[in-house]
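Below you'll find the structure I mean.
Just so it is clear, A, B, C, D, E and F label the chains in written order, and each chain counts residues from 1 on its own.
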Amino acid sequence: MFYQGSILKRSVTILGPIVALLLSGLVSSAFGEEGAAKLTADSVQLNLNYVWTLIAAFLVFFMQAGFALVEAGFTRAKNACNIIMKNLMDFSVGAVAFFAIGFALMFGTSSTSLGVGSTGFFLSDFAREGDPWVYAFFMFQVVFCATAATIVSGAMAERAKFSTYLIFSALISAVIYPVFGSFAWGSLYKGSGFLERLGFIDFAGSTVVHSVGGWAALVGAWMLGPRTGKYTQGKKPRPIPGHSIPLAALGVFILFFGWFGFNAGSTTTGDSSIALISVNTALAAATGAIGAMVTTWVILKKPDIGMTLNGCLAGLVAITAGCANVTPVSALIIGLAAGVVVVFSVTFFDKRGVDDPVGAISVHGVCGAWGTLAAGLFDMNGFALKTVLVQLLGIGTAFIWTVAASFVLFGVLKVTLGIRVSLEEEFAGLDYGEHKASAYPEFATALIGGGAPFASPTDLEMKTEASIQGKKISPKEELHESKA
Amino acid sequence: MFYQGSILKRSVTILGPIVALLLSGLVSSAFGEEGAAKLTADSVQLNLNYVWTLIAAFLVFFMQAGFALVEAGFTRAKNACNIIMKNLMDFSVGAVAFFAIGFALMFGTSSTSLGVGSTGFFLSDFAREGDPWVYAFFMFQVVFCATAATIVSGAMAERAKFSTYLIFSALISAVIYPVFGSFAWGSLYKGSGFLERLGFIDFAGSTVVHSVGGWAALVGAWMLGPRTGKYTQGKKPRPIPGHSIPLAALGVFILFFGWFGFNAGSTTTGDSSIALISVNTALAAATGAIGAMVTTWVILKKPDIGMTLNGCLAGLVAITAGCANVTPVSALIIGLAAGVVVVFSVTFFDKRGVDDPVGAISVHGVCGAWGTLAAGLFDMNGFALKTVLVQLLGIGTAFIWTVAASFVLFGVLKVTLGIRVSLEEEFAGLDYGEHKASAYPEFATALIGGGAPFASPTDLEMKTEASIQGKKISPKEELHESKA
Amino acid sequence: MFYQGSILKRSVTILGPIVALLLSGLVSSAFGEEGAAKLTADSVQLNLNYVWTLIAAFLVFFMQAGFALVEAGFTRAKNACNIIMKNLMDFSVGAVAFFAIGFALMFGTSSTSLGVGSTGFFLSDFAREGDPWVYAFFMFQVVFCATAATIVSGAMAERAKFSTYLIFSALISAVIYPVFGSFAWGSLYKGSGFLERLGFIDFAGSTVVHSVGGWAALVGAWMLGPRTGKYTQGKKPRPIPGHSIPLAALGVFILFFGWFGFNAGSTTTGDSSIALISVNTALAAATGAIGAMVTTWVILKKPDIGMTLNGCLAGLVAITAGCANVTPVSALIIGLAAGVVVVFSVTFFDKRGVDDPVGAISVHGVCGAWGTLAAGLFDMNGFALKTVLVQLLGIGTAFIWTVAASFVLFGVLKVTLGIRVSLEEEFAGLDYGEHKASAYPEFATALIGGGAPFASPTDLEMKTEASIQGKKISPKEELHESKA
Amino acid sequence: MKKIECIIKPYRIDDVRDGLNGIGVPGMTISEIRGFGRQKGHSELYRGAEYAVDFVPKIKIEVVVPDSMVEQVLETVIANGQTGKIGDGKIFVLPVEESIRIRTGESGEDSL
Amino acid sequence: MKKIECIIKPYRIDDVRDGLNGIGVPGMTISEIRGFGRQKGHSELYRGAEYAVDFVPKIKIEVVVPDSMVEQVLETVIANGQTGKIGDGKIFVLPVEESIRIRTGESGEDSL
Amino acid sequence: MKKIECIIKPYRIDDVRDGLNGIGVPGMTISEIRGFGRQKGHSELYRGAEYAVDFVPKIKIEVVVPDSMVEQVLETVIANGQTGKIGDGKIFVLPVEESIRIRTGESGEDSL
């Protein structure tokens, strides 16, 4: 009696008339007029699900900060403001686009057998229904969508035009991500996708979120062409060192932290299953970092920090699909393999002329695919060839859909508005060119680069060039290998 | 039976004799001797409320890191240690002051009709009562109080004397914030304020926390006078660029993350109402950023990063009052408007001679007022003129109380101890002057500034001046327009 | 009825077949086939305990980022990559080691009266049992273990060999920490330690985690010898300023944030007791910061920022033992004392020739001991000499065990593999020597140091020395006082 | 032609530069240097201990002018750089044998 | 011996350095400086307001060579540093009376 | 008067400076530069790939002294800057025609 009384008193005292209105008016809740008198274990569990799902969503949101830092840290100081703006806008523009369109495509009732939805734009027909769960579910899904979108900015860093990028970012959130999402996850709400009907396992989105982001990044990086100075005349890649490893590392720690919400929160239910998921997540990240570190130590004779950071993320991406259906020992193996794979994958793309400044394609695309496959291979319910085949189907569908859709989208943008900044702007830095800004106005950044000749000469000097000398400077032609 | 047994076993095994004592001694809880045998849905919901409220409080606490970074990033390197110390002390000194005095004024039983409390100093008469809820509630409130206090440091950055600032910080936490808080929120515990009795809507504190902080910041910035070099002799404002946009941006992401706790946690109840609040919070922040970006893009021809970051915060401040009583579509509009307003507001104060290095007055004061008004205008229970008038009354009361109280407080401090550092110290940087410290001892910061003549010449050189040449150097008089 | 139906529908819709398998297969849960129909208050409370414990574990995990930043910020730029790698590996290697061995030693069934466990390696015999709580409990414990391990890296920063450090890090997680942990906390799971049987109070680990980490740090720092240039020929200590106070401060804020999970999460039960714990945690941190600030202000005439940051952490460490059994007013005192103590302790070790770049020994070792004692002295159940004596026994046991074990371990490593980098590598920086990396390749760091002659000359120049001139350069002998 | 090197206090740079522009100096080159001289450095605190920062930050201006302008440059620098306090700095005059403008290849005083 | 000081555009540094290495210049010293001249700076935005960054970043190369090499060095710097745009920079030639190699104590042209 | 420019290894700076103070040099100016010469740079790793950092960091000391002190300065710099390894650096001596102390306007050797 004491506690019930206390709850009543508090809920009235604390929430006051505003919430009372809320409860009776907009939403019908466990604390509605009759409800308050009759809390049941079921209604409390439902409340617990709200709390858990939303806290997990907040953690996933925080991953945006992690992405911003990783991408800023792994690129040059002269582009830091720009990459941060792109990350902030991935969420801002993406959230609005997903609210308006994407959520409906992904989770609305579908009239086709593929599963793409066609009801519920602007959450319109959901809100009337009375069940506030749609808000909790939307909140969790919108931060997932933002994650997929933000992956792309890293691979396109230091040369993608800001205005066009915003359009792309809006469309990946409104269309590209939700359409594939509806195939695999539509039935989490009102939809029903063909992949989930086949038994496709992608618990928290190795494919749905990470591979989709990674393959869109691949198309983007490829269509943009490499950063000027990234390749020698003989097409040999040259490293362009990122300007702040501590910021990049902080980004990785933040992503790791947020990933617990990403994986464990995907239950959207606060129950005992979240424990195993969390353990698997932590262990795979750990072995991912170890795997990449050891691989570079063997190959390069030194434990490479950039790769180790990528390896940690690779482990996280890889466990995302199977975090709920593999054992901890399997998680150790899945993460370790991802850490090894990511090192070779980064080098592979680098050599093929795809310039991905942060390793997004390898971390999210390749390791997302690996993780999805692994969720089938290591399924703790036993190995089944059918499951593995369905996993491969899902991986392949994601690749084809995303590459095709991104290709069309970037292609149209390229021939219409242009997707790449001018050479002068690239030299001067996108901070100046796109935002007339400096990330670190008080610090002298090196004008004389290391290995990458255009790593820095471009800096402040070029800003001036760009600003006073009109359109075109003509640095000797052969030095530049801009492709876009 | 299984689970009940398991809980019993665990609670005994895990918590051991210490907690057993705790339970029987200090607090009476659902796990007390009899309690354990009879968990009810009500008592579990109560526990859930504890968990939710405390986690939300932790998130709000983390906003302190966000404020510290935004303020450090938007000011010069030579003052970075000082602004960080001020932020750390806002919490440290403020928490003690609120514990000792503020909480009692805000939430104690009141003998006047205004609502200011007069019982419960040092939580004294609460603890005896036996209900540990007071601790959870205090925890949530103390981080709110710290937020209000820390807003002020940004507007007064780069010139406010550290020792006097500490006194001010203690008093805003002990008196200025709690008194107004008691008007609007007293009844959340034992008080009863006149504004809440009139139906004032300020769910999570656009006015109670942000405007109060913002208006105190206004008085502080105005009484201090602008930073030396901020205005030309013709009184035209000159920008003094902040030293690290990446740190400032990280601060904004952290604030955004913490804000979910700020708004949704204000239910202090873990139920379904937190979902809508979270969605509104995210959407308003998104459109706030978009609003500011587009506005600067139109006016200045470039999307300005500093303003976009401010715009995101402006959206968050604005949705704080109405996050629980407006629809998501309204949230989009409220945030968008805040993003536009903040750009004009920053410029307005800048031109009027109020030097606010981080935009605190505009973000928290002005957009807090806008958000409070918007909570009335967009009330999803329908528009009512009375509600809007009450909102205006609340906004006005906050302004008058805070400006008056701050004016007296800063006035007294100014004529007694002084509120501004000496010109030499300002040149040398407050890091050296107040703390004899360097934020970045290994990095050469530019001695030759950009637009702001004293942006940097002041640096290391002036430290030496200040340290070896006794009290006063006399740089040519006309160069300095210090007003305080 | 409505809600129950809704839960059923959602749990089926959302979780799909995967989770269904999970539930029936691996774990038996409240949502199992029959379970779903019969949620009880007990089962919901159990779910709440899962949610609370895991969220707290995530917060504690995030402290890893805090440690990395504090340690990087308080050391020189040329060693930033290395210290970050060490922190990342403390978790990565440590988590695997604790999973494989440590958890079994700490919490397995014990056949001796000391309490060290001997069952459950690789969580093997736990998983079969069916209760998924072991995963939640492991998750919480593994992040504690990582905390203890990571403390050590700070004290050994800027000179400890990376490869050997990894071995040490694995062994502290696999053996040193778990063995002592089993004495004090074994019965939280299946063990039964001699200290807990005596009534030793260390609620969240002032001794178990922090002192153990701190004393291992002491042995490590002592056996390594000081950084070259740290002491004059007359053995007078010289400060070697850290390269980024803002990063260090951000680290402290993150640690403070994570500490709420550390202390309040140690209930592993979501109930009302977490409120008092949180309040105590916040207040002790606040007075810790104030205590250190005032102490330096009195002694050094200026409020020292580095010490104030250490003071905040000292307050947190100190309240960790007694956070659940002291009153808020006691917490204020405990924190304040810790803040004062840490200042003198740092100076003490500095003068004694123990070079601890970040103050880890004083913050974690000394203040951990103080906090453990204080948990006895300020016990709100009343003062009892016996309790205090048991506390002293626990403090002493931790010291003896950790110092002895670390001494043997470091001793063996020193004579076999070596624990310190070469003088050339130390000059060039461990970033170059161990990882061939630069933390900030675009920023010119000062070649001309302040007080510490080798603060910087070592930088880029020495990298070259080290790389081109084979093994040994011979800077004039008398300049170097390397001891290891 | 002469090269005039001026070591000045950083916060005088704006005035000195404006002064030199005023007398028609065609260009100049500026760098940040650390000075040791009569004016001594200062001390800082780090985690409870004090240490000396023994240099003083200064700015070096290098300007090459025809012999005829030397006198005027010296006067201008002194007028604008002087505060009368220790540490105001030095001016050194060095001979220059040739000057070339890279853009055009012009040489001699025309190239300045 | 002469000391040749070249102020060039930063992004020409790789070519100029390679050119000088090509003609057998034994060594050189490079620093980052800020130039004021015909080429003007640019403006930036900060939180909604515009401000001028009035200098242009440049690189200074200092190379000391025997008198016999001076001509060749000048030609090489012009050839590699020239873009034909305002702001290409200057070359100044100054007399050097003595040069010493610290490692060996050798002096004169042998020490270069 | 002569201006003596010394390019030395960064970690020799404390000794060289103390040496020069010891013989009564009234002041000096120090800057951080990047050297190219016989001593070559090194390579670093970044995300799995190697790249060359082709310069070597050096410190430049500039000190202007009366002709009578030149010899002593040279000896002191050599004595304190020498390690005997490649890359110890150079000393260049340049003529100075005039020196002025900005604070007082004094000129000639008195101004040093």
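The rule is simple: a contact is a pair of C-beta atoms (placed from the backbone, for glycine too) under 8 Å apart; a residue touches a chain by one contact, two chains touch by 3 or more.
For clarity, every value in this text was computed on a predicted model and none was experimentally measured.
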Any chain in contact with subunit A as well as subunit D: B, C, E, F
Comparison of A-E and A-F by number of C-beta pairs in contact, larger one: A-E
Chain copies touching (subunit E, subunit F) - same or different residues, decided at half shared: different
Distance from the mean Cα position of subunit E to that of subunit C, given in whole angstrom: 51
Whole-Å gap between the CA centroids of subunit D and subunit E: 18
Between subunit B and subunit C, centroid-to-centroid distance (C-alpha), Å: 30
Where subunit B touches two or more other chains, by residue: 30, 40-41, 43-44, 46, 48, 51, 55, 133, 241-242, 244, 250, 300, 302, 304, 306, 435-438, 441, 443-444, 446, 448, 450, 456
Of all residues in subunit E, the ones touching two or more other chains: 30-32, 34, 44-46, 50, 53, 55, 58, 83, 85-87, 94-95
Touching pairs - complete list by chain label: A-B, A-C, A-E, A-F, B-C, B-D, B-E, C-D, C-F, D-E, D-F, E-F
Residues of subunit B touching subunit E in the complex: 74, 237-242, 296, 299-300, 302, 304, 306-307, 310, 343, 346-347, 350, 359, 448, 450-452
Residue ranges of subunit B touching subunit D (in the complex, touch as defined): 427, 432, 435-438, 441, 444, 446-448, 453-454, 456-469, 473-476
Subunit F contact footprint on subunit E (complex, rising order): 3, 17, 21, 26-31, 64, 94-103, 105, 111-112
Interfacial residue positions of subunit D with respect to subunit C in the complex: 34, 44-55
Touching residues on subunit E, where the partner in the complex is subunit A: 9-15, 30, 32, 39-46, 50, 53, 56-59, 83, 85-87
